[in-house]
Amino acid sequence: MADITSLSSAVAGLIHDGDKVAMEGFTHLIPHAAGHEIIRQGKKDLTLIRMTPDLIYDQMIGMGCAKKLIFSWGGNPGVGSLHRFRDAVENAWPRPLEIEEHSHADMACAYDAGAAGLPLAILRAHRGTDLPKYNATIREITCPFTGETLVAVPSLRPDVAVIHAQQADRKGNVLIWGISGVQKEAVLAAKRAIVTVEEIVDKVAPRANSVILPHWVVSAVCPVPGGAFPSYALGYSTRGNDFYKRWDAIARDRDSFAKWMTRHVLETKDFAEHTASLSEPAHV
Amino acid sequence: MSELYDPEEMMTIAAARALSDGDVCFVGIGLPSTAANLARLTKAPDVVLIYESGCIGAKPDILPLSIGDSELVETADVVVSVPEIFRYWLQGGKVDVGFLGAAQLDRYGNINTTIVGDYNAPKVRLPGAGGAPEIATNSKQVFITLKQSTRTFVDKPDFITSAGYLTGGDARARLNVPGRGPTQVFSDLGILQPDPVTKELTMTSLHPGVTPEQAIAATGWPLKIHPQATVTPAPTEIELQTLRDMKARAAQAHSRSNLRAS
Amino acid sequence: MADITSLSSAVAGLIHDGDKVAMEGFTHLIPHAAGHEIIRQGKKDLTLIRMTPDLIYDQMIGMGCAKKLIFSWGGNPGVGSLHRFRDAVENAWPRPLEIEEHSHADMACAYDAGAAGLPLAILRAHRGTDLPKYNATIREITCPFTGETLVAVPSLRPDVAVIHAQQADRKGNVLIWGISGVQKEAVLAAKRAIVTVEEIVDKVAPRANSVILPHWVVSAVCPVPGGAFPSYALGYSTRGNDFYKRWDAIARDRDSFAKWMTRHVLETKDFAEHTASLSEPAHV
Amino acid sequence: MSELYDPEEMMTIAAARALSDGDVCFVGIGLPSTAANLARLTKAPDVVLIYESGCIGAKPDILPLSIGDSELVETADVVVSVPEIFRYWLQGGKVDVGFLGAAQLDRYGNINTTIVGDYNAPKVRLPGAGGAPEIATNSKQVFITLKQSTRTFVDKPDFITSAGYLTGGDARARLNVPGRGPTQVFSDLGILQPDPVTKELTMTSLHPGVTPEQAIAATGWPLKIHPQATVTPAPTEIELQTLRDMKARAAQAHSRSNLRAS
């Protein structure tokens, strides 16, 4: 049965320096609040895993939490670059960042294989591309029936999966609806799982396009209303498209990034204070 | 009025015209999504749009800024997981047209969205592959939209993120790459199609007012203009108005500040 | 876009002698009506594929429609044997039946791989069992990353998938809810798909535990209310547990089986007549 | 009253007692399902029942006749596809206890549900493997319930459908079979557990009134009775009543004729 606890104690107890951490969310339900708490607690040497690292990984990388990034697309969706990610890769600032790069297809299959308890995933991918030259984990395997050469990638088995969901009940059964991305696979593939939720309800009921994660596959459930912002939670909030655009200017420059992180993350005690701080006239 | 349009509008409209009603189209975000939705709102009402976020049959009224905007979920026939979209729907051979953008394109339709410079010491680190490499190979055919300049239409990209015709000729087939590959490229200057034998992208249509010299000057390789190259029909009133209305709705929606009152 | 047509014309046009036919349904939504129509039209030399062949496959095998059966569990659930299946395997009556036998796990993975367009599925299965000695399609494959020996099976790619669903809309978009088994995988893995439905509605809307099959992956939709009986359609009917029990006596004996099939299938023109005929006093 | 019970009731009750609250139990149909639900309704209210039809957390009020009865769907926390149940939940290592029945069992807990006689010229063709081979290997441990007789507890089964300890000792480990294997077997005569070293199933408990001689006579191999074999506690009032109520509800429901009025 999942603990229903505060985000700070879940992060303190379940995420350790050096862990492989998968914070998933495919545009929808990105666990921003959890990322901020990891930054506040100064977690170090993390291997960050995510198909679509966006603002929250840009922030964690810029604050030096990560030693390695496993990813398949690293940008600010619809806006442009992740400047802190680029600064780390191009200039090793604030520290060198090792990258292991994939495509969405092979990374999604690697999570699927991890959830399925397999050591590898096989798929038809990467033909004619340069990526396998730079990523030794992308291998070839031959079908014993057809002789076709397919791609094999190792399954993803994170130490900790961190996701945001709409609801959990008092036992810790989690309900997600709308775009669920690879969150279910990430949780089932991981040793431990932290789920921040919009609210705790008496009963979670499956609905259209929904995913249920039973309490016995979840380590901790932490109520954090709005905890996905600037991402969104269908039925609770809309995507902060405007903030995604404004982030470009904030992150472009090391100093403005540092100032913003200090004021809006390090100097706020939790996500509620963080969100409130964004409404200050000071901020743009 | 249909005289007054900019090159990007012409590019998007030309791309939209290439989609047939009923096509199942795997759509990248940005220009491809704009063109595919323009097609849906004009000549191809039954085009099926698939977004890699898992939305199948999305019919967004407001153009999404991201592949996961709620607009896509709320208008989709069904939403599936990301592993399922790539395994059952794309790799499963259900996609007629993969619609991609690019940072760099070469004469054989190979795409680079990964890096400028050396991979291990990059000049510019681009976002990377995303879904493109498998969209480019597991779709029955591929459309590409990209503004034409010597920075984007390059002689030799620093990295092949997504396979076009590789080194040309039958190179793609020899490598047993599934799918026909890029059959049409839509730029702000015209339309390019692969030569049937060499597979080199050749200008087969120029947008109204664009000269061969302009197109050649905006291309990083010695661009061939097809001897029977046509002139792209100018946007119709309806195409232009539909496109501008879509963009206006999007601009307005995306600049709304979405801070929650908590 | 799917044709909305009669079951008889769908079977006549889409199922040919010698086809590989997967009629799936995991206790729920078994396409009995379609099976009867295949028997009425005297289809021959079929390779029947199904994880859980039950009464309808017992009937098709007993009527000599099948030359081969690919399966993982062949029984009358909760009741006992399939006597026609046994008679075919044990005594080659009415004709020899070649069998290719699997476990649920490897067959489910083979459908999954077929839907995913792969030539093979890999899984951790069959260790220490005798089945691989008698099924050459169950091979070994070695993980290039861990060296672990796993099982490889060829993916299932039927010529035709036949399923029963609750609803379709006028375009042929299909909605299933409740236990959906491997029907989605069977349809996506097959070249052609026939779906019988309880009813045609104006709009199919995804709901809790539901599967939507877009009209463009379906060849034909045929309205057949109650077409799953004695299986059931959640929200429309309940399982004919009593009939499953009564089938045991009917099928145990070749003559009583033949009499029953003649009266209740061959002499009825469609499933409505069949169902009506079951209420006759004659029948037990 | 708790004197008056039959051996099958004792078998089911003994099996139910072995489940712990909170266990995630992958349940076969028939006796295992009855025992697991009895546990849920008595000592283990939070036991999680998974049926191979995709029902997770089912809490049937009426015992299912099949693994796909609507009762399971309507009481489940969530219903997933059959491929998912076997891939993510069973092979994914989420199952604590796999609960199986059998047609034949040997001294090392190997199960035959496939064939009597030669595979290619069978005397009796049984239903086959179903989910059992992977339940037997991918669950952390396995419970088996089976009536004890020389026909079912056999010296040498004609076929190994699901692996127990194979040839005994460390054979299972040497073959790199995951899971601990069958840790308890519940018959109508008593409870058998594997010897810690040889892995041979040994009678560690006899149901009330059952003599060692009876058990030995009902076993197709030279059955060892553990020197400290205990006597199984008789069913309690509550266990017996709960079991009988469950079965009464099921019998009544399953004999209802379900012909539709069409």
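Should a chain be cited, it is by its letter among A, B, C and D, assigned in written order, with residues numbered from 1 in that chain.
Note that a contact is a pair of C-beta atoms (placed from the backbone, for glycine too) under 8 Å apart; a residue touches a chain by one contact, two chains touch by 3 or more.
Source: prediction; values computed, not measured.
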What are the mutual neighbours of chain C and chain D in this structure?
A
Distance from the CA centroid of chain A to that of chain D, rounded to the nearest Å?
41
Roughly how far is chain B from chain D, centre to centre by C-alpha average, rounded to an integer in Å?
57
Can you tell me which residues of chain C touch two or more of the remaining chains?
116-118, 123-124, 148, 185, 206, 209
Which chain D residues sit where two or more other chains touch them?
78-79, 87, 91, 138
Based on which chains are in contact, what kind of graph results: line, ring, star, complete or other?
other
Check the chains against each other and report every pair that touches.
A-B, A-C, A-D, B-C, C-D
Of chain B, residues touching chain A in the complex:
29-30, 52-55, 64-70, 72-73, 78-79, 81-83, 85-87, 90-91, 110, 114, 119-120, 122-134, 137-138, 159-163, 166, 171-172, 175-178, 253-260, 262
Which residues of chain C touch chain D in the complex?
26-28, 51-52, 71-75, 77-79, 81-82, 85-86, 89-90, 101-105, 108-109, 111-112, 123-131, 134, 148-149, 178-182, 184-185, 209, 211, 225-226, 229-230, 232, 234, 237-245, 272, 275-276, 278-279
Touch list for chain A against partner chain D, complex
1, 115-118, 173, 185, 188, 206, 212, 214, 216-217
Tell me, which parts of chain D touch chain A in their complex?
22, 24, 46, 48, 56-57, 77-79, 87-88, 91-94, 138
Would you mind writing out the residues of chain A in touch with chain C in their complex?
116-120, 122-124, 137, 139, 141, 143-146, 148, 150, 152, 154, 205-210
